[in-house]
C-alpha cells in the first residue's frame, strides 16, 4: 500500500467531513430563501436579519451564561478530581472515579431524563440553572481527562522542593502547581464552553421556558423561511469555534514553551 | 547534630528501615552509600520530613523532629531531578525560599547574586530556568538551597544524572562548597567511588540496615563483612581458619599464606554464613621482578591471566597451595616487562594488610 | 492512643487527603448522577397513574416495552442502526488513522488532526440539519444529479428513513472513531515493523500480523466510543429519520415529555442501557478471548 492511494482516500475523506460545513457560508451569503442549487447572487441580508432577531439575542445571552458558568464549575470540579486521582490513593477510588466519568459513556438522553425526574420530584423549577447542573455533569469528565494529563506531567519533586523551601500547601499550589497546569485549565475551560454551547438534549429537557441557543435553532427548523438566517448563524458559530480552538492551541503551545517541555501534538 | 535512635519504617508490610541508630556530626560531609532499594533515600527523606517514621526518633540538634513538617525543618534538599521550577527564571528560583522573609528588593537581589556567585553561575540570574544544562541546573539547585543557610544540606544522588567528566568536576565543587559554607552535608549515592572521594564518613547500608559506619580509609582497609568489602572496591578472598584468639592477637591458618598472627582489629566483623576467609585488596600484594627483594613475606605464584589497562596491569595469579586465582594490581613502570601467562613469579606481602572474615 | 488522636493521625494519611480532595466532585456525581439514575431504575418498576405515579411494584412496564410491537421494533432498529453506523464509521476511519500515523511527517500530524476534528467543533444540530438539506427532495444531491443528468427524478430513498440516519451519524462520529485508532497506531514501535520486514515478510503480512493486532485496543475503544452514544442519539433520528427512522431516544422523549408516562419511559431507557451494556461486554469479551492482548 503506497502513500499515494492513502492520500487520495484521505482527501476524499476530508471532503466528506467538510461537505456539510462548506454549505454553510455558501447559503449564508446566498441571495435566496430556498436552500438549493443553483446559487443566486451574493448577499449579507441574512446576517443583518440574524442580528435583529430578539429571541435569538436572548437565546445567545442565555447560552453564553450557561456555557461560562458550566465551564467554570466543571473545571473546578475537574481540578479536584484530577488532583485526587493523580496524586493520592484512597479507598473506593476506582468506583468513585468510574461514577464521575460515567457520563462519557451514557447517552445524553439518559442523563437528561434522570435529572428531569429528580428535579420535578423535588419540586424544583426548571431554569437556566437546572441546565447548568446537567452540563456540569457531562463536561466534568472531559475536564478531568485534560487536567489529569496536566497534573501527571507535573514532577512531584517540584512540590516537595517548594515545601522544603518553606512554602505551605496553599502557597505551593498557588505559586508552583497552578501556573504549571494553567494550559490544561485553559483547555479545560474552552472545551467545556464549547460542549455546553452546542449541547441540545439536556437543554431541551431542563431549560423550562427560557430560550437557549440550540433549542432556538431546533425550533426554527420547521419554518423554511427561517432557514437562511440559521445558515448565517451557523457560519458565525463555525468561525467562532475555529477561533476558540486556535486560541486554545496557541495557549497550549505557549504553555509548553514557557515551561520548556516537549510538544506531543495536540491537547486532544 | 543529627541523631537516629532505633528508627524503623514500614510501608505496609515492607520493612524499609530496620532499626537505624547513628549520629552525624556538625560540619561533616557524610554519605549514605548502598545499592538501590537499601533504604538510603528513605532515610534521607526522614531527615527532610518527606517521610514519616514508624518508630524511633530522628533528632536534629537535640530536637525531636516528630510532628515537625518538612517546611519547618532546618534542612534543605537538592533533589535527584533538581526540581528547578521551569516557569521561573534562575534568579527567581534561587530567591524562592526567601519569599517569606519579604526582603527589600535590593537586598534580595544582592543575596541571590551572592548565592549564584558561590556556585559559579554569576550573571545567570535572568536566564530562563528551563534552558540550562544538567550541571547548571544542579548548581541552581545548590544555590537555591544554600541561600537559606540551612543547618543541614541533603543531597539525593545529585551526580547520577551527569556524564563522567561533569561528575568528577562537580565532586570537587561540592567538596569545596562544603568547606566554604561549613555546614553538614548529607549525600545519598550508590557510587562507592564518589562516596570515598567526597566524604568525611560513610554509612554503608544494605536492606534497611547500616552495615558499617566509618571514615573512607577504615571502610576500605578494615571492612567488617564480606558484603561491605565487596561493595567498596574489589577484594580477594582465600579460605582461612581461626586457630586461637588470645589477648589482642589472633592465630590463623590461611590458604596460600600459611600460619599467621594477626592483630584483633584485623578481624572486625562478626561471623557471617559465608565461611571464614581472609581478604586483601589487589594493591596489597606486589609482584617481584628480577633483582627486587621482598619487603616482608614472600610466596611463589603462577600467572594465570594478564589484563592491561594502560596505567595499570592486573595479574590474576594463583598462589602456591591455593585453588583459585587472586587479582594483583601493579602500576605500569616505564621499561618494565609485562609478565606472561604461565610464568612463575615471586610475590611479596605483609600480614598487616589482611582482613579476617569469620 | 485516644480516639481523638487516632482520628488526627488518620486525617493526615494519604487516604483521607485523597478522599477529601475528590469529595466535591464525587458528591456532585452521587447527587446528580447516581441518585437520579437510581430513581429512574426505581420508576421503571412502578405504575403510571393519571398525572402521578402509583407506588405499586410491577414488571408490567418492561413487559409492555418488549411485547409492544412498535417499541420492540424501535429498540431493535436502534440496535441495528447503531451497529451499522459503528461498523461503517470504524471501517472508514481506520485507513485515515493509518495514513496520518504512518504516511504523514511528524511535524504535520497535529495539523491533520486539527483539520479532522474541526467539523466536530461546529454545532451538531446545524450539521444534522445540513444533511437534511443535502439529502432532501430539492436538496444538494438531487439538484446536482438532476442538473448533470444522471437521474431524471429526484431520489426519495435518501432522506427520512434509516439510510439518512446512518449517513448522518457516520459523519458526526467520524472524528471520535479516528482518534483512538490513531493513538494506538502511534504507540506501535516502528522498529517492530522493520524487524518483520527484515525477516522477509511482505508489507501486507506485516500489517496483518503485527500492526493490526497491536492497534486492536484502539479499534475496540473506537467501536465503543461510536456504538454507545449513537444508540441513544435523539437529534439525528428526529430531524432526518422520518417515521421509519425513529430510535429509542425519540421514544423515551415521547413517553416523558408528551405522554407523561415516566414508568414506561424509564423501563425503555433502562432496557436500552441494558442492551448497550450487554453488547459492549460481549464485544470486549470476545476480543479478549480471541486476541489475548492487553486491555
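As written, the chains take the letters A, B and C, and residue 1 is the first residue of each chain.
The criterion applied here is as follows: a residue touches a chain if its C-beta (ideal position, glycine included) is under 8 Å from a C-beta of that chain, and two chains touch if they have at least 3 such contacts.
Computed from a predicted model, the values in this text were never measured in an experiment.
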Chain whose averaged C-alpha position falls nearest the assembly-wide average: A
Most distant chain from subunit C by Cα centroid: B
Distance between the centres, which are taken as Cα means, of subunit C and subunit A, whole angstrom: 18
Separation of mean Cα positions, subunit C and subunit B [Å, integer]: 60
Separation of subunit A from subunit B, taking each centre as the mean of its C-alpha atoms, in whole Å: 56
Contact footprint of subunit A on subunit C as seen in their complex: 14-19, 21-26, 28-30, 32-37, 39-40, 43, 92, 95-96, 98-100, 103, 106, 109-110, 113-119, 121-127, 129-131, 133-134, 138-140, 143-144, 147, 171, 174-175, 179, 203-204, 207, 224, 228-229, 231-235, 239, 249, 252-253, 256-257, 262, 265-266, 269, 272-273, 276
In the complex, subunit A residues that touch subunit B: 155, 157-158, 160-168, 176, 179-180, 258-261
Interfacial residue positions of subunit B with respect to subunit A in the complex: 48, 50, 69-72, 75-77, 79-81, 83, 85-87, 96-97, 99-100, 128-131, 144-145, 148
Contacting residues of subunit A [partner subunit C, same complex]: 1, 3, 6-7, 9-10, 13-14, 16-21, 23-24, 27, 34-38, 76-78, 80-81, 83-85, 87-91, 93, 96-97, 99-100, 102-103, 105-111, 113-118, 121, 133-134, 136-137, 140, 144, 194, 198, 200-201, 205, 214, 217-218, 221, 230, 233-234, 237-238, 241-242, 244-245, 249, 263, 265-266, 268
